[in-house]
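Please read the structure below before turning to the comments.
Chain lettering (A, B, C and D) follows the sequence in which the chains are written, and residue indices restart at 1 in each chain.
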Amino acid sequence: MEKLFGKLTNLEKVMPFFHDGMSLMFGGFGGVGSPPSLIDAIIEKNVKELVLIGNDTGFPHIGIGKIVSLGRAKKVIASHIGSNPVAGKLMNEGKMEVEFSPQGILAERIRAGGVGLGAILADIGMDNEMVSAGKPRFILNNKEYLIETALTAEVSIVFAKKADPYGNLIYDKSARNTNPLVAMAGDITIAEVEEIVPLGSLNPDEIMTPGVFVDYVIPSKGVNWKWAWE
Amino acid sequence: MGMGIDIRNRMAKRASEEIQNGMVVNLGIGIPSLVPNHLPSHLNVMFHAENGIVGMGQSPELGEEDENLCNAGGFPVTIRDGASYCDSAVAFGMIRRGRIDVTILGALQVSQYGDLANWIVPGKKVPGMGGAMELAQKAKKVIVVMNHFDKNGSSKIVSRCTLPLTSAKCVDMIITELGVFEVTTTGLVLTEVFLPNTIQEVTKLTGCEVKVTESIRKIEY
Amino acid sequence: MEKLFGKLTNLEKVMPFFHDGMSLMFGGFGGVGSPPSLIDAIIEKNVKELVLIGNDTGFPHIGIGKIVSLGRAKKVIASHIGSNPVAGKLMNEGKMEVEFSPQGILAERIRAGGVGLGAILADIGMDNEMVSAGKPRFILNNKEYLIETALTAEVSIVFAKKADPYGNLIYDKSARNTNPLVAMAGDITIAEVEEIVPLGSLNPDEIMTPGVFVDYVIPSKGVNWKWAWE
Amino acid sequence: MGMGIDIRNRMAKRASEEIQNGMVVNLGIGIPSLVPNHLPSHLNVMFHAENGIVGMGQSPELGEEDENLCNAGGFPVTIRDGASYCDSAVAFGMIRRGRIDVTILGALQVSQYGDLANWIVPGKKVPGMGGAMELAQKAKKVIVVMNHFDKNGSSKIVSRCTLPLTSAKCVDMIITELGVFEVTTTGLVLTEVFLPNTIQEVTKLTGCEVKVTESIRKIEY
């Protein structure tokens, strides 16, 4: 069944897509729903100068935080870095640029990129310097909005519970979070999955990310970090 | 210039040759809907519908229709293994994000520059554009399959469209009962003719300047 | 279980929400996934001068087309009216205004309203008079876009296969179409459903519209029109 | 001015009185997380999390945690009947669409006009706003539960915030260990005091002009 669409592959085969200076979007929220094996492989390959786009910078040893803590990102676009003190330190030392976006606006900017829109108009944080700096404003029906640009990336990495050979994905509980949005926004999207099931075995009503958006599926070695609550 | 089922299927068969393994394909109504009949069975193709289906299969048997499983035209379909449903916003997200490999659709006119007019029938009411603009603008490859002539016998391939455009400069390939044309940066190129038509006939019957490719294919089927 | 959230009710109880001149958004695509019992009740109540917002105007005797064909709409915002010749006739006679929006843009405008955004920026139909007339343009990163305003309505009506007493909804196959978008965009959202199941019996991963967006749930009498293909 | 568990629960209990049957509620970290413990069991309330949960239940038993079922702070939760998962975009859609009835959150400062500062701790790093701005701007009712004093003993209720704002004019109610304040169009009003504090003490210890409601409630619990 692997050859049906050419999407089922392994870590080694997708590693050439990761390179210094690239933009990389990742699914996950506080590390929950972030792809552990891809993150480790990116670290092992010593990919540097990354532009990372995602909800947050995880914890120092959890999720994308592992990459951030090693100083491998030159820029992060996120809504929150508070749970990863290393990120704050790198930012304050001028070693990593951080662009903050309100959490739901960030999610919508990623989704907008994923569905081929140019931007969204939103009224969140209009008067906040950190949110509004440099963003054009537009008045619509006597109400002012910020123009929040869409986000895409060269590669998106997501973490799913199940995939079939077409790359149809099902996420688990709150590990869904930003993953379906991130999956749409990558020029190339790679899904790390806990289980690969035969074509036709997923209920088509329950598929959360249609395989159309997924280019490669690789099996996960599973979460190998210790959660903050453990 | 009515067309028999044979000519229609000839055009559909030629269009089917543009579909490769693993592609995501959106088909318009009319002749494009005949394309799946001509696909080799070993090909894994995902047919996309604007209302929110990826992986449409054959038409259901009579009496086996499911009123909640219809294509964008409102007609019952089935699904294949690996199919999924989504909302219409996501279905069009696939289109605008450039994830549709090929769209095959009918047209009223196509210009030598690939301008497409396929949504306002002259003298009839304005139906609305539906999803045609997004497909024409954003599919990776836009193939028009249409009669070469309108009901007055005029070429539907024109130097400049007189009907309202669906989208400008979007068509990559035109397939008519006479031949196959590619829209290139240097103009329209006739690349194939359906036998027994000759190159001379086809270029003469086409309403704009047409270049002819060096090694033209002559299609016998 | 009905009293848990006060959402489970019946047709009679929701009818006061429908009144002349109101904006009404409806789920469905060519009539598939449109709520038959609500549509009939709106006709029976003789609600007039409606501003209808939805994908299309159905067929003359199918879906929202039943309301349109009776001349009860003063304006329709849709992507397509071709399958309902009565709609075209009313438009040409100046009896009904029609605002056309490309299909996917209409879906996104409804979704934008549903998630509390002001507008989206899109590049579809830029040069088409019917699409672009009166719409502001904005240049972002050297690329021009149309500003497509968000859509909401006083009341949204949707059609689902299953609901629980909280209004969590599951749609059936391609009858999902615009329903999840429309469900978010109503100031009041009423779901007509084929089956009401106990709280806790829907898998939380499979819920397509969270009940947060749904104000009332009523049982459906089922589709009573003859489909075009029948 | 550290607070014992009793004082914290007193404030949480008062906050819980603002929650009615059927409401959708978003809770911040800290004292707000104690609110569910004080809700009457007959109330049907849906707790919302920004990452994509509606219907969070109690904390799981030790050893029963599910790493894929966590709240927005990354800590394990459970769900109640009627719960659902969604992506983060939809979770924030609920917020911006005005579908969150109450949000209860902590603060560093609140002004007499309801300006909220709760995201940059002075002298510490900038953590980013997360979802705080959207909740503060868009929830139907914004309740701040916080210590009355900062670590220097200064009132955190101020005439004008000196810390960077999360959102201006968004807070509806402030609950501190001393009393309950409502933000009205004519200024801040003390509506309740926690006994044994007196009206005079509370108004004196509050860093802005405070009106006192006519029939003030004296909370004994």
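Rule of thumb we're sticking to: a residue touches a chain if its C-beta (ideal position, glycine included) is under 8 Å from a C-beta of that chain, and two chains touch if they have at least 3 such contacts.
Just so you know, these numbers come straight off a predicted model, no measurement behind them.
Chemist: Touching both chain A and chain C, which chains are there?
Modeler: The common neighbours are B, D.
Chemist: Quick check: more C-beta contact pairs at C-D or at A-D?
Modeler: A-D
Chemist: As a test of understanding: of all chains, whose mean C-alpha position lies farthest from that of chain C?
Modeler: Computed centres place D farthest from chain C.
Chemist: Just curious, how far off is chain D from chain C if you go by their C-alpha centres, in Å?
Modeler: That pair's centroid distance is 36 Å.
Chemist: Using mean C-alpha positions as chain centres, tell me how far chain B is from chain C in Å, no decimals.
Modeler: So the centre of chain B lies 30 Å away from the centre of chain C.
Chemist: Take the average of all CA coordinates in chain B, do the same for chain D, and state the distance between these two points in whole angstrom.
Modeler: Distance between chain centres: 58 Å.
Chemist: Touching two or more other chains, which residues of chain D qualify?
Modeler: Expected reply: 85-86, 89, 92-93, 95-96, 138.
Chemist: For chain A, what residues touch not just one other chain but two or more?
Modeler: 108, 115, 117, 122-123, 172-173, 176, 204-205
Chemist: Using the touch definition from the top, list the residues of chain C that touch chain A in their complex.
Modeler: So the residues of chain C in touch with chain A come to 108, 112, 115, 117-123, 136, 138, 140-141, 143, 145, 147, 149-150, 170-173, 176, 204-206.
Chemist: In the complex formed with chain A, which residues of chain B make contact?
Modeler: Listed in rising order, the residues of chain B that touch chain A are 21-22, 24, 44, 46, 48, 54-55, 79, 81-86, 89-90, 92-99, 138.
Chemist: Can you list the chain C residues touching chain D in their complex?
Modeler: For this pair, the touching residues of chain C are 4-6, 114-117, 164-166, 168, 184, 199-200, 202, 204-205, 207, 210-213.
Chemist: Report the residues of chain B in contact with chain C in the complex, numbered from low to high.
Modeler: Chain B reaches chain C through residues 49-53, 65-76, 85-89, 91-93, 95-96, 125-131, 133-134, 137-138, 164-168.
Chemist: Which chain A residues qualify as touching chain D in the complex?
Modeler: Spelled out, the residues of chain A in touch with chain D are 29-33, 55-56, 59, 78-83, 85, 88-89, 91-92, 98, 100, 102-105, 107-108, 110-111, 122-125, 127-131, 161, 172-181, 208, 223, 227-229.
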